[in-house]
Amino acid sequence: MTRSDGRRPDQLRPVTITRNWLAHAEGSVLVEFGATKVLCAATVEAGNVPRWRKGSGLGWVTAEYAMLPRATGTRSERESVKGKIGGRTHEISRLIGRALRACVDFKVMGENSIIIDCDVLQADGGTRTAAITGAFVALADAVAWMRANEVCLGDPLVNSVSAVSVGIVGSEPLLDLCYEEDVVAETDMNVVMTGAGAFVEVQGTAEGAPFGRDQLNALLDLATAGCAELARIQAEALGRDLPGSGA
Amino acid sequence: MTRSDGRRPDQLRPVTITRNWLAHAEGSVLVEFGATKVLCAATVEAGNVPRWRKGSGLGWVTAEYAMLPRATGTRSERESVKGKIGGRTHEISRLIGRALRACVDFKVMGENSIIIDCDVLQADGGTRTAAITGAFVALADAVAWMRANEVCLGDPLVNSVSAVSVGIVGSEPLLDLCYEEDVVAETDMNVVMTGAGAFVEVQGTAEGAPFGRDQLNALLDLATAGCAELARIQAEALGRDLPGSGA
Amino acid sequence: MTRSDGRRPDQLRPVTITRNWLAHAEGSVLVEFGATKVLCAATVEAGNVPRWRKGSGLGWVTAEYAMLPRATGTRSERESVKGKIGGRTHEISRLIGRALRACVDFKVMGENSIIIDCDVLQADGGTRTAAITGAFVALADAVAWMRANEVCLGDPLVNSVSAVSVGIVGSEPLLDLCYEEDVVAETDMNVVMTGAGAFVEVQGTAEGAPFGRDQLNALLDLATAGCAELARIQAEALGRDLPGSGA
Amino acid sequence: MTRSDGRRPDQLRPVTITRNWLAHAEGSVLVEFGATKVLCAATVEAGNVPRWRKGSGLGWVTAEYAMLPRATGTRSERESVKGKIGGRTHEISRLIGRALRACVDFKVMGENSIIIDCDVLQADGGTRTAAITGAFVALADAVAWMRANEVCLGDPLVNSVSAVSVGIVGSEPLLDLCYEEDVVAETDMNVVMTGAGAFVEVQGTAEGAPFGRDQLNALLDLATAGCAELARIQAEALGRDLPGSGA
Amino acid sequence: MTRSDGRRPDQLRPVTITRNWLAHAEGSVLVEFGATKVLCAATVEAGNVPRWRKGSGLGWVTAEYAMLPRATGTRSERESVKGKIGGRTHEISRLIGRALRACVDFKVMGENSIIIDCDVLQADGGTRTAAITGAFVALADAVAWMRANEVCLGDPLVNSVSAVSVGIVGSEPLLDLCYEEDVVAETDMNVVMTGAGAFVEVQGTAEGAPFGRDQLNALLDLATAGCAELARIQAEALGRDLPGSGA
Amino acid sequence: MTRSDGRRPDQLRPVTITRNWLAHAEGSVLVEFGATKVLCAATVEAGNVPRWRKGSGLGWVTAEYAMLPRATGTRSERESVKGKIGGRTHEISRLIGRALRACVDFKVMGENSIIIDCDVLQADGGTRTAAITGAFVALADAVAWMRANEVCLGDPLVNSVSAVSVGIVGSEPLLDLCYEEDVVAETDMNVVMTGAGAFVEVQGTAEGAPFGRDQLNALLDLATAGCAELARIQAEALGRDLPGSGA
């Protein structure tokens, strides 16, 4: 089977990671998975943590995900205009935050925060996995900034994360679904893994028929390979080995 | 290893499903997983579907999850008072809705809606999985009501779902975590399965260290057995074979 | 005249008060007036009072009333989903709070708060009066907890309250209206009284024709007898004389 | 006993009702009870009723109460800025609406609405009772406008209402409390009566000690006389007998 | 050309400024530009400034503008009921605040705030310019109050402001548009000037055809004369020379 | 005087207009004024207009302006998270909408809408004027799309608009302020002009000392020249003469 864009089932879309896309942010990345473009901006808040964390000596990392209204084929109303954040936005913001927190030793980080804003400029499937993959690089740059500015002394980055979507389309397991594939997938799974190949998050959903253990295994195999390739691209973009990769 | 409440690692808490707990709802269930108590109320809205579904001839099933303020050890502020729904509430409501929709043939259901309200009266871990397990039974009763009242003619229920949490605590995989176990789990996974043993949703998160493929497999094994036992309890509560179970 | 459920005009519905319905709350009661079921949970916040009360040495008691969406014959939208609390909810929460505060010596209570959550699980008329009657018992248990835990030293409970609805249906004054009677009542009155028989709150509204002084007097007579009977049931549930009852 | 402003216990403050205070509204009144000033503006919405009333052939009357931020001694934040309406505002708006609806035959009114906006320009106690008393006159003018413009044919006004506060201050029952008296009252009651002397609403609250039946009776006597005097002032302002007054 | 109300093109409507309209506010003015009536209430918050200004030694002045629902020919929904403030309200509140801040030396004022509430009781065009013109007088009275009460020692008022609208109607430049003129104006401009004749704010908008430099100049000439006349009326109302006027 | 970035007082920053920056939108432009980057996306809603415009035969154009959280030197909280839109956002959205509507003949456009989303990716002063200048080009592309797809038949574009900021810094009038200049400007003015050199909007504010007529004239001269240059750049980007330019 050939995919609509000519890829093999186990092939990622072209992935590019452009660092320092913004002038002001302590770390910023424009990440592209094919036509999906997400701008990831990391803000360091030195000496500031959420109220429930004050006095703990521990840092915090959080993320906010959003889409520009016309990132998609039809315009969606702004959540600021609606006056509330939708369930999907909440869910993805929480997912990105959890993934990034798996990379950080909060004791070494000290009572400082990093907020990663992931704004989807253009969407073509896989926005959350592109966001996580790009956000890690922005996080790494923000951590480097903290160390250069002596906001924290040691290296709080202990792991890296990348993420990819996999799914079953017409009974075939595919890696890194584009929007056209995503809407017809029977099963859709997002997998977040460390650079060392361990799982941070597995979220699989039967959109059509429920799936068996064999299909689940096939999807996990695809995702494992895809995340490894993404980790390689992240390392290349950063120009150094990823933390926790054992390299 | 013995668990704090004396269970074996692969043992569910005592599960009870009380049907017709409410007088008004078309289906209602009080489901208990140990000390976790969730009231599931199914409302049939005959002839009504969301706007984007009107004229399609298809039905709809949705769910809303919430916790009473003092369901937990410390009181949490009401979301109605805060004026907005939190990310966790959104996320769980969406999860329950997806799980239930996996059970329904919307063409047979016709342009009618069922809303399942899952209100946690008391929380001791596993509220979302208890909610799904109970909500399915309330859904089945609401569907029976629809058929008895000729709101729909055929049987739209094509599958059943139950759900259970699994996790790794002190390196050991455990089934159906109570709150005390949940807060110390390194990995936490919620699994939704059909009565026939296929996956509808798998959501695993590394709370502490990332997890390997072997651990993932051990958790999936535990969840598969747990969901099968829950399906048996659902069938017993309903007094009949579950749809799609091949029985 | 016989009422739809066979009661005499001056007869309460069967009233049950189940204490300790919840595991976590410092006081909790499931109160039932016929088919009306309200869960009252009292939370003690030791050392915490609203901002405007800090430093005063005085305590505070407040209440929040809400209905589950399917407590009623047709489902009502959640106020958390609407993003705001309706006028009726506000009004009843304020009424319950005022009633409970009439029972407390805030100086003896010290700078501590008690919040009573009254969640209607099932509604069949008289939810606010059932809530007040049950909430007092939950309050008494929470106060006992405070004393046992030495959060406050003396006994801050100086009065008890119970409440009942009365109304004129088909020209006849009736005690404790069920929903069916409530919707056709010409006049509807809620009365909150102490165990010693004094008035804490009287709220009467002409739903149909305005009412005369004689009718008002007949309703007050019914309510006085009804509240006395409810006070007796409260004392029985608590297993002791009510504060301020002179017993 | 002499009151702070020299009044007798059973004496109203000077009451003035200025009709046609606004150019645009179909009825408008500036009502003053001493230093309390409320602007009541009636808007006729011909051919429009709330959705749940459409097709019924019946009209509707509703009210909205609000205070300007500096109506009071210290400035209060705007509810529009807070983004939500407080419980007190909700409660009073609902009270005014109920009181006015007691005056109207909705069948004669036809499917038309009247909205009465009661904005407190200056507050010195009794704002809700002044609002009801003034709003009735604005309603009467709006109804006259409807008849003059043939929006409705017969006369839908079947009753009049006025309202007054009464309370117990230092053990003495007083009529029409000013702010200074209101804050120290042990019991506070608002009474709405028709021009013919029947009760539309009675709302009494023990702010300090609970009150007995005798005190309740004394307050009702005061209120009855006060409302009768207010009805006389309303009739004078309108230059005609009040509807339902039997005159 | 004669205008609908008989004025010359360069003629203001009758302007009246009534000081001390409210009992509680530190400064209050009812300002009328023809049928437009705005109530301006100044509140002094001694020792309080916005958070971002604390510790600066500097004061702050801000304004809030709003319209009563029936200030206009057709009723508009309350912003408190809608739960949010509209763009027009925001914009005008900000404009009034900026205009008033141009009058104040914040160092002399010290860390104190003044809030000016401008509530439109009746609207007939020019509500924002009437509000600014009246608000200045309320501000001057509030400042006098501060000095009399030794909240600040020196005189922080260094300028005065007044404002007027100008516009092009049927190709003719007109001063101080009423509503009837405003809705048909091709160009609409609001001009805020000091008593000494300098510009504080110029906001011109082409509602129909874009306008040329000549038309802009003609409008500025009209506004300059109009503001000078308004400054004279302000001085008369205050009974003294305006600050910064060089008199 | 030389400016911080070496420009002459009457010199624009480098301006680039990149068309078709997004794949989905009917018109899209990335506009850059120096380091200020705004993404303008035009959405055509064929056959749809706001409710108050339905049945009029007339079209509508509106705009929404927003900033990404880290467009600026310090991160600002998302308006979607705050649950409301701020005054500045409202004001600028309204300004852009008015400017664009000055370009369109709504009768020729027919009952169709265009929404222009202007999202600031990076801010360095002049975001609103860059937005207007870019939004016009996106609008022109969206109109071309409408004509190509026969959504409207004639050409509804009758004017072009561009916009620039001017201000007085250290007594000197400057064109196109960057952020560093903007924060110290005594007077700040935004001017919107047609390609033919007429004014659509003039908004000048004294941030420090009020300004005289001479200064106003000097600023208008600068703006007139700046807008003409921007119109030239727009024409170049579009590859054709601007509508209404008389060319």
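Order as written gives the chain letters A, B, C, D, E and F; numbering starts at 1 within each chain.
Basically, a residue touches a chain if its C-beta (ideal position, glycine included) is under 8 Å from a C-beta of that chain, and two chains touch if they have at least 3 such contacts.
In UniProt terms the chains read A, B, C, D, E, F = Ribonuclease PH.
In this text the structure is predicted, and so the values were computed from the model without any measurement.
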item	value
Between chain D (Ribonuclease PH) and chain F (Ribonuclease PH), the fewest steps along chains that touch one another	2
Each chain counted as touching chain B (Ribonuclease PH) and chain E (Ribonuclease PH) at once	none
Centre-of-Cα separation between chain B (Ribonuclease PH) and chain A (Ribonuclease PH), whole angstrom	28
Distance between chain centroids, defined by C-alpha means - chain B (Ribonuclease PH), chain F (Ribonuclease PH) (Å)	51
Separation of chain B (Ribonuclease PH) from chain C (Ribonuclease PH), taking each centre as the mean of its C-alpha atoms, in whole Å	34
Where chain C (Ribonuclease PH) touches two or more other chains, by residue	83-85
Circular arrangement of chains, read from chain C (Ribonuclease PH) onward through chain D (Ribonuclease PH)	C, D, E, F, A, B
Chain E (Ribonuclease PH) residues within the chain D (Ribonuclease PH) interface of the complex	22-25, 28, 35, 39, 41, 43, 45, 64, 66, 68-73, 75, 78-85, 89, 115, 117, 119, 121-122, 124
Complex contact set, residues of chain D (Ribonuclease PH) against chain C (Ribonuclease PH)	84-88, 90-91, 93-94, 98, 102, 159, 189, 193-194, 196, 198-206, 209-213, 216, 220, 224
